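When the chains are written out, they are named A, B, C and D in that same order, and each has its own residue count from 1.
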Amino acid sequence: MSEPYVAELDFYVRYAETDTMGVVHHSSYVIYMEEARSHYARTRGYSYAEFEESGYYLVVSDLTVRYHAPARYGDQLQVRCWIAEIKSRRLAFAYEIRHYEGGQLLVSGQTQHICITKAGELQRIPQRLRDWAT
Amino acid sequence: MSEPYVAELDFYVRYAETDTMGVVHHSSYVIYMEEARSHYARTRGYSYAEFEESGYYLVVSDLTVRYHAPARYGDQLQVRCWIAEIKSRRLAFAYEIRHYEGGQLLVSGQTQHICITKAGELQRIPQRLRDWAT
Amino acid sequence: MSEPYVAELDFYVRYAETDTMGVVHHSSYVIYMEEARSHYARTRGYSYAEFEESGYYLVVSDLTVRYHAPARYGDQLQVRCWIAEIKSRRLAFAYEIRHYEGGQLLVSGQTQHICITKAGELQRIPQRLRDWAT
Amino acid sequence: MSEPYVAELDFYVRYAETDTMGVVHHSSYVIYMEEARSHYARTRGYSYAEFEESGYYLVVSDLTVRYHAPARYGDQLQVRCWIAEIKSRRLAFAYEIRHYEGGQLLVSGQTQHICITKAGELQRIPQRLRDWAT
């Protein structure tokens, strides 16, 4: 995967996503990262809603986030999201969140995922997702 | 229902529940009201989780909130919650949210609920909930 | 105000905005309404961030929401938002949230606002906002 | 710090904290961890609100979370929170979140913090916090 597909999602910071410090709350970025995954799947033609309807969940097993600089209400941000690794039973997404204008890096992160059935049984990563890596 | 049962839930404001204004975000009170309903059900011996397991949902059909004064991170609050009305197909909860110390009124509100099956069909309010009004 | 300016904001439902019922949590719509106000201000050329920088807050004093039908993760929604009333000391926004495709009405609501200084003193609604009604 | 002070916070999962999968959303645990820090400070006699009033912020610079097992609406959980490391310019909290009954481990995590002034300048960790490690 020398040059992975990168999905880019642009959005404005909502007021409710900020906190008393006057900046975006650190948990809000976790939701931005999740929405970037949704956007990734949509732009690759296989929405995560459709994936769930097929009987699977792609659950988060590990989360790491590094906070470089704050964002504020009304800022326009961009999340870049790509697949960092796919193995038979694990899938990792990587993220960079930047100011849309100027491109300052605000947050970088990674999520690890496993695939389970709705009954909770561990599965191999479905082929249709593994194809994303090629 | 001249003197309804009143459930009282005490809690601290979480940092994530505040916003750039330095106060509790107005949507956070909607979640406090919901948790007060959960607490109401628990203290009456019929948890809402148990109610859902019986095949029903009690969905919110209407919400009204009046904001009187702000709360801040770390404040200890108290929600008082009671049933304002039960009819065959509607149930209303009323709420008051106050500072735990001093008792200043911060928010008052009401939610209207209907009962549906998991398939989405409208139901009468189950007897076990209607008994709460007596 | 026979034909008020209407701002339209389209967006996708985020996974985190749903709940165990499999639908959008009722508090999430309160945040959609707020973001619609932000969008309203941006499209009228006076962002709310800029408004706050001028020393004022436009706080929510009353909220009413009616829930007509549920939305689910991944649905594309549209909020329509307009000024329902402006008086010297009060401002009301009205909202309709619909499925983007098909236009089914999901939620209707209204918020009442008052204007305060950062020190908490009640102010008249600034002229620049009152001009929005004309 | 062979035996650090451990703060224990018990609470019920709120409905709004769950998602379409029927479990607690992975971002909700980040907020539980934050509230555990608040509880830690309160039980050590120096609330974080008081700390902020003294002119400082303790911001999150790094977050790592491992998800072991899911929790559901209404579950009673316990967060255990302790200081994993204090250096002159860095402070790390560690967390374990378990089912209150039975003690099953659900989530483990760590947050790294730096101290800044309200003007955004990096500071040494104040002595009053460094005393927590002794």
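Simple rule for what comes next: contacts are C-beta pairs under 8 Å (C-beta built on N, C-alpha and C of every residue); 3 or more make two chains touch, one makes a residue touch a chain.
What you see is a predicted model; the values in this text were computed from it and never measured.
C-beta contact counts were set side by side for A-B and B-C; B-C has more. With chains reduced to the mean position of their C-alpha atoms, the one farthest from chain C is D. Here the repeat of A-C among B-D, A-D or C-D is B-D, since over half of its contact pairs match by residue number.
Separating the centre of chain B from that of chain D, both taken as means of CA atoms, is a distance of 27 Å. Look at where the CA atoms of chain A average out and do the same for chain B: the two points lie 33 Å apart.
Chain C has its Cα centroid 23 Å from the Cα centroid of chain B. In chain C, the residues that reach two or more other chains under the touch definition are 15-16, 20, 27, 31, 34, 52, 72-73.
Contact residues of chain D toward chain C in the complex are 15-16, 18-20, 22-23, 25, 27, 72-73. Interface of chain A with chain C (complex): residues 12, 14-16, 31, 34-35, 38-39, 42, 47-49, 52, 72-74.
Every residue of chain B that touches chain C in the complex is listed here, in rising order: 20-21, 26-27, 30-31, 34, 52, 57, 59-67.
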